[in-house]
Structures are given as structure tokens and as C-alpha cells.
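Same chain, two partners: chain A is paired with chain B first, then with chain C.
Then we have the complex of A and B:
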């Protein structure tokens, strides 16, 4: 109820001020522009193959009704036929040749009628084609792709957190010669677009023998300048006295890092984890060049390969797209408050 | 047995020298207080003893062993920080157990030691709380508890009471004193508050600008300050300093070369006209048992006097005051004490 109150707040008391109209209109426009394509995708992913190709397209997943007719092997599509005398009647279609269809009344299966296709309308009903989804898990080694994506995302994120936090710990808490230079060097790599280093990265991966291995996608992505920067800025706010107290407490530097600095950097780590999950899950270019064998495909690559040259199975493609979107959406929906608080406290704009 | 010895310790940060050759000996079980104005290097000195900073030159000895090259963890010191530096993500129990865990002490022994320290510091009921759920005084006790559980050779305190309110500070002062007696451990305590130093220390080390001005018991420092700095720093309200020429009538047997004379506010005694010195009252503050009187000497030197709380003194009134000879401190042109030597 409180959420509704919040959403329906107005500036004018009791009635709408003109600024209310303007801002709600603007917000609604934004909502439509950003959300409508996603919603359309979601609805379409529940349409059957035939319904997707239908014109004019419908928003909701309608499907033609079918009936079982005695004497016929398969369920037959149902139509409303307008008869010559103007009355209408529901009939199933057995076959169609040219503009004439052979139809039968399900109640009287022995008697077939020839109907001009202009005279009939398909009977549609609202039906979600769940099999778009369930088929995926049986077919196309989809589960393999899903596993590859999950493995790469989880492994790369864990390694990113580990290595970036170690670098950030050193850069924020130790004083050594060239500390600033190293930090600037790391930050400077932010200026180089990943596309530019794609070829060198490929050569290195090739030399390391990591082509067509999931680790070939994971390892190059582990060190991120953004992550080091974000974590370093956050770790600067951890008082040095805590580390000194730990040193007095006979803690090794590794233990200080593991038991004191890491737990206290949790908000910044959460932010980086969210970013990393999104980056790795949505990554396309690096997997594309590293993984060329079908069994190592990630979901993103599989989506791409699904668009065949001659034939695209849109209903599966759309269902797969929805599944691909889900993890990032969930991560974002549940952890976005960490992003705002984490970014605010990490001093990153 | 845990003694501490500093031999001509110096410390430079880049080009600035903050400690200029400090020599000091601390006996086993002594409670030593470093006192001085802010920036005098007392905390730096403590951090060097702890091993958190490295002396630029000089030798540091604990139990007669040179420890310059020994890391903070292995010196056997425990430190209580000004900000307490409790680990905010750990419970009180985990905070106190952390040091023992690092030393690979068996679990049941950790539990026993933490429980012991908790009982000693009345923290039993707080063991499962986090530092943010504690009051200032409780945090302070946890910080001390964290130091105690490791049974260190030397306790180091870095202005531990400065974040507490006045009342709590007084009670913690006596608690610390009591703790020292119970543990019998060597303790080094840093403060800028001379009252803390006077009330707690066996031995006070007065520092100024990276040099030791005087080392001695509170009484020695009060009765025989080595120079005008120590004389002015120890004791509250501050000692009055007057040019010798203005107070010739106060004492007849001032040592040769005396330039300044110091008298503590509490040592003035009223006398009849013709004796002592004449002072013009400027105003007074009633403190209950006593009255703090602000007055001027004939030459305009401001003087403070602590007198009996009874009796009224109006501004502009002239009073006559004298001081017993042994309460008069004479200093030479270099602000050093004359006459009875300081020790």
C-alpha cells in the first residue's frame, strides 16, 4: 500500500497539477520506450512457431484451437466457417489445396465439406507455449551452454574479486616506491578499448594453448582496472589503525588481508561482483574468438549460432533470449541497492 | 621480567627529524607515562617501541635484547589505540580471540583466556555484541581486554582515554591503575593530559619537540622541575613566571644568575602590607573550596593565585602575598633550574 501511495504521489493536493501530468507523462514514455521491447520479447517467447509468423502480430500469445476428430490421426485446427446462408459454424480443417479447404464438423466426422478459405476464420485461444522452454532443456545441448555460461561467470567473478582485491590492498595499504606509477598504469588501461587488444589477447591465448577452453575466456578477464580502482578507493577508507592492531595481534599480512580487509570491503566487493557477473554473462566478443567448438559455446554464442542462414527457429531463440536475460535481471533487481550505496561510499562517480 | 631500554633513538620522516636522540630506561613492572604537547613525538616514540615505526638510528632493547629488526608481531607488546581500533565486523569475543588465534593457541585455551579477561573487565555479558553496539567505555575495555589476553611483556597505551567523557575518564584512570597493580606488567602510556600523567604514573617522561625534558616521579616533577617548560607543563593551573627584578622582595637568597622566578598558584599566602609582593586583583573565579584569583604584578606580569574559597576580593584591590622559600623556583637565562638540583 505504501508503495502505491508513493507511486501515486502528486504535487497538486487532491487533483493533478500540470507538473504532475508532465512528469507522469514523461516517466510513462520512458517506461514504454525501455520496457516495451522486453515485454514484447517475453510475450513472444510464449508464442508457438506459427503464432510468431502471424500477421498482424498479436501482443498476447494466441494459438489456434485444435480438436480431435474421430477417424483422424492428428488434432485438427479449428475454424469458424461462414456458410452461404450467412450462419456460422465451427469446423476442423482436414487439408487444404489452393484456395479450397476440406473441412469437417467435429460432431459429424463422416461428412466433409469443401470451403473457400476466404470464408473461414481461425479460432484462437490464449495459450502459453511452455514447450518453447521445456524443449530447450532437452534439445540442442542447451544445458551444456547454460553450464558453460554459469561456469565462466562464477569462476571469472570469484577470481576477479580475489585478484583485484589483492591488488587494491597493496595499492591502498602499502607504501612502496612506484606505488603511484603502478596505480596510474592500471588506471591508464581504462583508456584502451578492449576491441583494440583483441588480436594480441587472441595470440596470447593461442600461445598458452587455451583456445577452445573455458579458462581461455576466464583468465584474460580476471584483472580489471575498474575493479582495482573501485576497491582501492574503498579500502583507503579502512583506518590504518585496524591493520596496525592486527599486526600487534600477531596476524600475518595474508591474514590481515583475509580476515580484516576483505570482510570490511564487502560493500565494494558486492558492487564489483555485480559488475563482473554482468560483464562475464553478457560477454560476446571474447568467447566468440576463443571458443569455436560447439560444446564450449556460452549462451550468448549459442544465441548467435541459432540464427541459421536459411532457417531461424524464432520461438526457441526468443525463449533462450529470455533465459539469458534472467540472471542479470535478478542480480540487478536484488543487489542494485548495493550498487548505489557501494558506489557512493567508494567515491566513484 | 620485561624491561625496556631506548638508546639514542632518532626518527626522521623524510627530512623532518621528529625524535632527537632519546635515551630512556623502563624497569620491570613500571608504569611510565609519556607526556607532552601535541606534536612532541610521544606517539611516534610509542609506535617505535611497538614496532609499527622503525627508528632511523639508535637501539631499542626489550629484556636486554635488541629488537630494532623484530617485527611488531614478535616483540611481545600489546597496544591500545586512541581510536580503540576494534575490528568492527567481529564480535567482542572474536576481537579478543583474534590475537590468540593468530598465535595458534588451542581453542579451549582461547576460550578460557578470553573468559578470564572478560571477567576481569566486566565484559561477560557483552561477548556476543559487535563494537558498534557498545558504549565508549565498553569499547575501551574491549580494547584493553584484547591486549590482556595475549599476556604481553609490555602494554602500550596511545591516549586511550581521550575519547571518553570527563567522568568516565576519571573512573577509567583508576581502573587502569588497578589493572597495572593486579597484572604487575610494564606499561607505557602516552597522553597529552598532565593530570592523567600525574595521577597514574610511577615515572613521567616529559617530552618537547622530540627531546626528553625531564624524567622522574610525579612528585619530583612537581617539586623540582628541571626547566620552565616542565614547570609550566606539570601542575594545574600553570606555574606563574616572573622576572627576578620585580620580585626581589619575595626572597632574599635567590641563587646567582637567576633571571626568572616561578611560583605555583597554590603556594601563595596572604601576608601583611610591607611583606612579600603587592598584587592588584583583576578578577576571580569561585571554584567552591578554592578561589582562582587573576592579579597583576607591579610591572604588569599576570599572576594566578589559588586562595581559600572564603572571603571576597574586589577588582582593583591591592593584596599582599608571600611564598615560602622552598616553593620558589629560580631559573637562569636558558630557562634551566637553578639551586637545588633536579633529579
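Then we have the complex of A and C:
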């Protein structure tokens, strides 16, 4: 009971109620369910090709130890051999025919022994297969995919910020005919899911000659109702007197927009930028129909086509997955608060 | 920064000219123009073309070259010789996709609302490190659908960690993604896993907007926690619950990416949903039947409109309910 009392003690507020215990239990369960799969993926991505096919799998990336033996040009895999008299000895394998392996003691390289493969156990050591990652950049067109993803994300985000802030500026700081209609039209596009107009969007992109071009993915995405709405609501809070004062000084409207209103909307722009980066980085369906040639694949498309292959090379696929989730994870780690408050206030994803 | 100001200065004469032509207030048109052009080309125009596609046949991409067929596309989709037997339908995959989508939506949405409500209630308690815990549940929301699907595919594959667990307990292993029942279960589970944090966040915001003094009054009256939950928290959370319910339903009906990568719609058509049907008819199969795909997407659109109307109805009802209290 003493221990229980100690564990349930809190600062000031009396003991923990049983519902508190239940709550923390739930939270820790959530921690495991939400993060363990990602952690498992991360650890698996460090396994060598041989280790990844092993069953049952291990959590940590173990790999068979190898030694260089004098007189052999390649490093040899190391085994623990149980000899007939019951003693064990570490030996390296030179070759194997059927159930017999030719083995050699690294200390006495000139003397080889025949050993039944039943009598040996591989010697494993903890080793991270960094080459899963480094190979990606040489072996495949991976750098190309990475570049495509980065280019689409950056270009689309910059254009999104420019176009949406211009529209938001017009909708919050001017009074022109049809303004309400424009705003309503923009908000109405929130209700039209992209999946429904998939076929005609494909036609438009095709007619514009943007099929198999990165711009075919960028351009349809740069006008977002969410962005316009978010920025407009923010710009409404910027006092009109500031604009009037600038007009007195003969500033042009364009200058007012980018010298006064844009810098003042920086917090809202930052939230939209975070969103836009995540949207574009994670986009799948539009790139899937627009970019069908291998050299234009984004990371998401490359992942999809790799996993669909008959002989999935899981060690590379997992490393690629980790690289793909890395930017989003970093953004999340540093900007979590902005993202969550942005979503809670705008109710959008 | 220098480049930025150079770029913006470059555009200045253009807008000066516009200001001279249009006058001050109507300059707004120039500012919304880029956005509206993009919306027009990639949203409004496609909506109109979608109707043309749905009413025409053939395999041409250009709408004007396509022969007019009237309602034939819809007929192909919906015709069955015996409506009690799905395999007698001309497009039985379409019916299966609808059936799967409905089943999926009902299961996924109800479980999603339940779990996100539970999580939001727990997060709203006096707990240490709330920001951290909120982040824990929110993290998968940010991952791309492809990444989410690959994470789970890796765990669920025949030699994966789940089967290793079963094998360690000397139980027979299960083919998680090639068994129809299990595959369906995992599509539901994985989509809840990856989206729950978003809805939790909306509900949490709603919970934090409930005035503290109501709870203090309830405590004065020695109301039991259960009574506080059902008489104060849930009624006041109703507007947020309706939003979550409908948003989740609209998203669930359109489920595609995760499932496409996780199971590819299989085994057979056990996890083929309506958007995948549209994608396959329009783009993936040898002959691209754009008309049929457009007709199917119009059917989907009709269903979504229905859902939205239900939302309006429900949220009005819950508002009225609150005023009456």
C-alpha cells in the first residue's frame, strides 16, 4: 500500500483518482499504438537485405559478423561451430556445398575443416545498414524523385502564398462589385472534393500540355479555398487606417499590398505555408494521374510503384519511406503548436 | 530578400496601369484574378465538363468528339437483372464498391467519433504534458497516405511483426492483408489510426470552450461524473460532434489513397471503394472509360450533397436545441 500511495501522490491536489490512473493508462497505450509502428519502420530501415528477410524479425538491426582471413579476398561470414567434443569455436565459412561447409579458423588461415551446417550458428552483431540510405542516392533515380517532390512543394507553396494572399487582400480591403459572389464561390470550392472532378481535371491538364510535367501538379493546387479564407480572416483585423495613411503618401496599391499588408499577415502566412508544404508533399491522387512517366515521379509515386513490384526490395523501400516521412516529422516536431492551433481555429486539414 | 523585392517591383507597373484603368475599388478584380483563373480552369470548368462526360460515350478525351449517349452510362452502372444478386449486375464491381464504401463508412465513422471523443475527454482532464500527448495522437495525421499504408503493410506482411507475435505464442500465422475479413478490418483500423488526431483536435477545442463555471455548479450540486458528462459536456459539445461526424463521413466516403497502397482493393474486390472504382475505370484499365467514370463520380457527388444537407439539418437542430435549453 505504501508504494501505491507514493505512486499516486500528486503535487498539492491530493491523491490521484482512479480515473486519473485510467487516463494515463489510455495515454500510454495511445503512445504505443501511435508511435510503435513508426519506430518499427525506422529500425527496420537500418537492416541489411539479409536481415530484413529473417523470420522472426528482431527489433534492432542485427547482422552477421564478417572477418577478413588471410589468403581470402572477400570478408567471410563468421559462425560459432559446435565441435564433436562439445567445445565451441568461432570459424569463418569459405564455401558451402549441400549440408557441408568448408570453414576456416581466422587464427589458422591455412587449415580448413569440413563442418555439417547443423553444427554451426551465425554470429550476429548490432550493425546499422547505412548503405540502405546511401545506396538510394546512387543506385536508383531516387535523387530525381526527391528533387521532383521538393520542387513541386516549394514552387506550389510560394505560388499558393502569393495568389491566396492577393485574393485575400482584395476580399478584405476593397469593395467592388461581385465581391460577395467571388468570396462565396471560393468557399463553395471547399465542398467540391477533388476526387469528383478527376476526369475533367485530367482533360484540362492534358489540353494545357501539362501532362507529365511538374507544373501539371503545381498549377491546379495553387488556389486553395482554405488559404484564401484563413488569410482573409486575418487581414480583416489589419486596420484600414494604415492603408489610408500609405495612400496619403502616394504609395501605389501594389506597394501597400506587399510592403504593409503582407508583412503584417506573417503569422497567417506562416500557418498557410506549413499547411501547403504538407499538402503538396503528401499529395497522391493528382500526381498519380498527371505524372505517369518514371522520371517525373514524386517520392509518393515512387514509393507506390516500388511497393507494387513483384520482388519488393523492402530494405530500400523502407529507407525511402523514412526519408519521405522525415521532413513532415521535423516540421511537426518544431511547429506542432502552430499546426494544432491553426487546425483548431480554422477546422481544416 | 533582395530578390523578393525585385520580383514584387517587377509587377508594380502592371498594377499601376490597372489602377489607372479600373479605379481604386475595382482594382480588387485584378487581385483576385489569378486565384479565380486557377479555380475556373481546375474546378468550375471541370464541374461543367463532368456533366458532358457523364452524358457521352466513346473513348475520346475531347468532350466535343464524344457521341451523345444520354443516360446510358448511368444505365450501365445501375442496371442489374436481379437486384438481390450483385453478380447479376452489369457492373458488379461498382455495386460492390458502393456496398463496401457504405459498410466502411458506417464502421469507420462510428469508431472514429467514439475514439476521438474518448481521447479528447482524456486530453481535457488535468494531465501533465497535455501538449505532448496531443501531439502523440496528432502525429499520424501529418503522414502521407502512402507512408501510412507502407508502415502498416510492413507490420502486417506475412513475415511481419504481427505474425512473429503469433508464432512466438505458437499460434498459426494469419495472412492479414490477403484474407478478405482481416483486410477490411485493417483498412478501417489504419484509416482511423491516421485520421483520429484531427477529429480529436476539433473536439478538444470544443471541450475547452465549455465554460468552467458550469462544472463548478455541477460540483456544488454533487452531480456524479457520469451525469456531468451526459448532461453538460455532451449536449454542449453537440455542434462540434456534428461537424466531426459529417466531416468524417464525407472523408470516409472518398477513401482511396491508403487503401489503394495497403491492399490494392483486394483480395478480389473486398476492399475496393468507390473512388478506386472511378480511378480504375477512368485511368488504370486498358480502355479509359471516361464517361463511366464521370457518371460514377456524379453519383458520388449526389451522395456527398445529401450528406452535407444532413449536416445543415443536424447543426440547425442542435443550435435550436441549445437555444431552447
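As a working rule, the second predicted complex is superposed on the first by the 310 of 349 C-alpha atoms of A that agree within 3 Å, B and C clash if a C-alpha of one lies under 4 Å from a C-alpha of the other, contacts with A are read in each partner's own complex, and residues count from 1 in each chain.
Following the convention adopted for this analysis, a residue touches a chain if its C-beta (ideal position, glycine included) is under 8 Å from a C-beta of that chain, and two chains touch if they have at least 3 such contacts.
In this text, all values refer to a predicted model and were calculated from it rather than measured experimentally.
Enquirer: Looking at the overlay on chain A, is there a clash between chain B and chain C, or do the two fit?
Expert: On the superposed model, which is not a single observed complex, chain B and chain C fit side by side.
Enquirer: With the two complexes overlaid on chain A, check the angle at chain A between chain B and chain C, Cα centres, nearest 10°.
Expert: 70
Enquirer: Output check: A:252 vs chain B and chain C. Expected answer is one of first, second, both, neither. What do you get?
Expert: Both partners.
Enquirer: In the overlaid three-chain picture, which partner chain does A:260 touch, first (chain B) or second (chain C), both, or neither?
Expert: The first partner, chain B, only.
Enquirer: Once chain A of both complexes is superposed, is A:43 in touch with chain B (first), chain C (second), both, or neither?
Expert: Neither partner.
Enquirer: Of chain B and chain C, which one contacts the greater number of residues in chain A?
Expert: So, of the two partners, C touches more residues of chain A.
Enquirer: Could you look at A:171 and tell me whether it touches chain B, chain C, both or neither (first, second, both, neither)?
Expert: second
Enquirer: Quick check on the superposed pair: does A:242 touch chain B, chain C, both, or neither? Answer first, second, both or neither.
Expert: In the superposition, A:242 contacts chain B only.
Enquirer: Minimum CA distance, chain B versus chain C, superposed model, integer angstrom?
Expert: 8
Enquirer: So chain A touches chain B in one structure and chain C in the other; where do those two contact lists coincide?
Expert: Comparing the two interfaces on chain A, one with chain B and one with chain C, the shared residues are 252, 255.
Enquirer: Quick check: in the complex, which residue numbers of chain A touch chain C?
Expert: Listed in rising order, the residues are 13, 19-20, 23-24, 26-27, 30-31, 33-35, 37-38, 40-41, 44, 53, 55-57, 162-164, 166-167, 169-171, 173-179, 182, 185-186, 189, 191-193, 195-204, 206, 208, 219-220, 222-223, 228, 252-255, 257-258, 278, 281-285, 288-289, 300, 303-304, 307-308, 314, 317-318, 321, 324-325, 328-329, 331-332, 336-337, 339-340, 343-345, 347, 349.
Enquirer: Quick one: in the complex, what on chain A touches chain B?
Expert: Going by the criterion above, the answer is residues 239, 241-242, 244-252, 255, 259-260, 263-264.
Enquirer: Where on chain C is chain A touching in the complex?
Expert: 8, 11-12, 14-16, 19, 24-32, 34-36, 38-39, 41-50, 53, 61-63, 118-119, 122, 125-127, 131, 133-147, 150-155, 159-161, 163-164, 167-168, 193, 198, 201-202, 204-205, 225, 243, 250, 254, 256-257, 260-261, 264, 275, 278-279, 282-283, 290, 293-294, 297-298, 300-301, 304, 308
Enquirer: Which positions of chain B touch chain A when the two form their complex?
Expert: Residues in contact with chain A: 50-52, 71-74, 77-79, 81-83, 85-89, 98-99, 102-103, 146, 150.
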